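You will see two complexes here that share chain A, one where it goes with chain B and one where it goes with chain C.
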Partner chain A sequence: MSTDNQTSFTDIPEAVVSVAATDRSVSMVVDSELYPLQAVYGASYIFIDRCYVFIDRPEPGKYRVTLTAKESVEEAEALRQLVGEYANELLSCAWRHQVTQDNRVAIETVTVQAIAGAMGEPSLDDLADFDFTDEALDDPLGIAQSWEDKHGRKSPAEKEQAKAKVPEGEAAEATEAASTEEASA
Partner chain B sequence: MTELRFPREVYVGEAVDEAVKTWSRFAEFELSETDDHWVVTVTPKHEAAARQIIGEFGNFVLGLTIDRGGVS
Partner chain C sequence: MSDTRPRPELLRHRAPGATPGSRTGTKALIKVGYACNEHCSFCHTLEVRHIQGSTAEVDGKIRRAAELGHEMVVLSGGEPTIRPELVHWASLTASLGLDFGLVTNGQMLAYPEVVEKLIARRLRYVYLSLHGGTRKIHNLMVRSDAFDAAYKAVENLSGRGLDLAVNCVITRHNVEHLQGLVDALLPYADVEVKFSMVEPKGGGDKLFDHLMPRVELVAKRVMEAISYGDRRVAELGQRGPTFSHGAIPLCLLPGYEDRFDDLKTHAYRTMIEVGEPDFFPVDDLNKTHADRCHGCALRGPCPGLYNGYHEVYGATELYPRRDRPRSNSYNYKLEKLVSLAFEGETHDDCLLRRGVGVTPWDRGRDLFVRNGKRVARFRAQSRDFSDREIYAIKHDLGQLYLDVSRKDAPDDFARDLVQLARSPLCEGCPSFAECTGMFEPVFEDVFTRDDAKVREVLASLRGEVLDLGCGEGPYESILAPLAEAGTIRYLGVDPHAAAIAELRQRWPWAELRCTGGEELELDPERRFDHVLILRAWNHLREPERILDQLLPRVRPGGTLTIVDNVAFGLARTRDQTQRAERSRAQFEHYRNDSLADAARVLEPFGARFGLAEIARSTVGPRTSNQWLLRVRVS
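Right, the complex of A and B next:
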């Protein structure tokens, strides 16, 4: 963009958007740090029904967007309005792009849940193929055990089994300790 | 004859190719490329509609580029 035909649109900040206007077209140089390419795409797409849009890269860090009105434009005010609308749309697209980036994880999570919900209840075939084994549940600390299983009173058969498992030497000591207790009593 | 230079950082090459195929009924196209640009030389078949053909062709390339998700 040459500075010779710098616009008379003094109300548009040139630091962000500089404008050059000819009889039928305007071109804006946009800072790519403020406005990502996706935002430029979005804003341009909205204008392709009214204008011929061309995006250029005049220098690193800048995009130049040229809007040429499809219909003849008589007044400079119409071009100014075009630039203003484009700048607003660009800002809107940039902000939406930022919001999308910030909430990408949440959006993906909700979308996956919605799709999973839309798939409906599993069919009988799905249930038949489903793996119901508890292998996935690894419980080394016994947290999933009930209190009765862990600390409840044992049945006589279990007591017998427990006694049978005690080694003979320990069993003799236990018997001796029991007889001592009885004598002292 | 008009030369359009589409920056590679903005326009997708496949979009340019597809647009050329679609618009070949309305204009003659010559394709070339540089390190930074896809260069398309357009010669409209109808001189009266030259401005419209070139402008709509540019819009078409941009639209296809956006439809493809832009330059990644």
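Right, the complex of A and C next:
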């Protein structure tokens, strides 16, 4: 691999630490701090139709990716283009990797559900029996209680509403009489 | 004014209430049941609090929402967060690739863990009720000790990248306290604070006298609150909160008309109540536009009044805006190719009856078009027209066209537009009446065909002719020979200087005046045998006044001929729609009157001038959008 060709890669994409090219192949060194291995794999995968891809680790903290054209490459321009494309791919894979990390919990939930889905739609009975204990929410303050349960009434609404009267509890002082002046505090 | 072909004024398309780019993900609203941990006096689901949807029912509806192509499932109720299945429903929704949203009183979201769990499951939208900025006001309204939890929820949700709206329902109890809510929410810059008129439904209906404020007062206080909020936000140098209003007639909110906010600005497409078999489009049928609203330029986006309010208080508070022009067309934008290999011949084969569904589609705004084997779905988002207007244009008037031009605005209708009509597939279909329908192109030039009637009238003219709104002189081939032969004496009037200047060159035989109909000054003795108002009627601000001036000048036995166009919908590709949205044309019409509307204006003159109708052609499916009304004066 001759480093002479380096000059034709003056505008090295940011993703890449250094580039070296021969007439059929180009290799790039990328910083493993910036680009996780998964992203390197991901980007490389995109190119396996067009080139042979070889990944190694020339020194700690660096990956080297070598793309070798399957057919002979006519001009340096074509190689330059490969580097550019690869760098873009790498960036996008790294980004997706990051997003995946950020959303891991969500994605796990989704995956679990998707696998469940692959076993066919649950029947209505299955669903009715579904055990929600895993996904149940703690409610130490008893917020999720219906108003009727909390106030110990079966259907309080009817009578009160008809009379436009207030029930009991905190709000009792308020309702009917609550003229706007009164409520202005 | 009038020219060869009516011009569509395409379109101030962005819904004025919505920020472009935001809230584009279409939402399905699922009511999971009506039980609740609060007991709001005004609650519109007050009478059904005992009904709860089963887990299976809601699960099935979430799957159906995904199937319909929605991008977000929003749960409401009653109170959706008191259901133990809440997280399961969020998970299920996320597993189907959809975002998750809640309409909620927010109390459960006071628990940070609940918020975390939900955000991890794609919670992206919360529409939270808070009806006052203090315990006293809010608790009074919801008849529970709920303020602290709901307010805490706002704190938990703010700054999390959610689409977060706080809805304040206005009754007589809080109408004087809106600024308190503004103050309470000032620290949360990403919140949209929405002020909503209470709906007379459920508790709002039962306790009507007790709760219902006058809408004029509500509008006044809302404007004060918004202007106060805007000022405070500016003083603090913040980007928000933002302020909006709902269910208040726009004529009562001068200067704040574009802050309207409703189910459509939130991109809700469909909803489903407990027990319903399939989704239904969200609509505005619980509200009404009064007769006075006819010709109001704000009518498109305006919610009008709640039916129940209108019944009690009438429409005396409204001030229709007739001084502003409005659009005369709207776009249907291509949303989806539904099928490439549709071979159906009868309604039994119809895609809508086989999976796509009949009820979920808006009968006006969703449009299915079949061309041979291809079926595409289009959608009209325009807020220049109300739901009812769009429905009438589509079904009663049949004025839908496919734009086959490459122009921003088609200007040669005969060439640029292909009419769409209800497909033979729909014939005899049992779902006909509730269905948005399948439409097909009609390959006939309806514009040229229907304009022949106008040409016929013109060819028969004799004597003194006044052509009000002569525009660029589209009927030269008929008028010129008549004038040159001395059969008619022609006076053309139009306010467009360029058009008149050009006609002066072309029409040496004509008397031409550059003025609007309202300003036209004539010799007191001047009389006419025929008055023409050709595609200029809807440009007249006050047609009554003009008739009042002109009818006395028509000789006994003379005629008045009025021709104009009704509004129409244009089905267009995404590209076409985008181009049209970028080119902002000026609106020129004050109304989109139909023949019936014009006849109503003529009515009061009938007896005085002995008007007798001698010709009419109305607009309907398979006609062009042009109508003609001709009366004789005796």
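We adopt the following convention: the second predicted complex is superposed on the first by the 98 of 185 C-alpha atoms of A that agree within 3 Å, B and C clash if a C-alpha of one lies under 4 Å from a C-alpha of the other, contacts with A are read in each partner's own complex, and residues count from 1 in each chain.
Rule of thumb we're sticking to: contacts are C-beta pairs under 8 Å (C-beta built on N, C-alpha and C of every residue); 3 or more make two chains touch, one makes a residue touch a chain.
Computed from a predicted model, the values in this text were never measured in an experiment.
In the superposed model, A:Leu37 makes contact with chain B only, not with chain C. By the touch criterion stated above, A:Ile143 is placed in contact with chain C alone, chain B being left untouched.
Among chain B and chain C, the chain that touches a larger number of residues in chain A is C. With both structures placed on the common chain, the touch criterion links A:Ile48 to chain B but leaves chain C unconnected. By the touch criterion given at the top, residues 103, 105-106, 109-110, 112-114, 116-117, 121-122, 124, 127-128, 130, 132, 135-139, 141, 143-148, 150, 155-157, 161-162, 164, 166-167, 169-171, 174-176, 178, 180, 183-185 of chain A touch chain C in their complex. Residues 35-39, 41, 46-47, 49-50, 54-56, 59-60, 63, 81-88, 91-92, 94-95, 107-108, 110-111, 113-114, 117, 120-122, 134, 136-137, 139-140, 142-145, 149, 172-177, 203, 206-207, 210 of chain C touch chain A in their complex. Interface of chain B with chain A (complex): residues 4-5, 7, 9-11, 36, 52, 54-56, 58-59, 62-63, 65-66, 70-71. Taken in their complex, chain A has these residues touching chain B: 37-38, 41-42, 44-45, 48, 52-57, 63, 68, 70.
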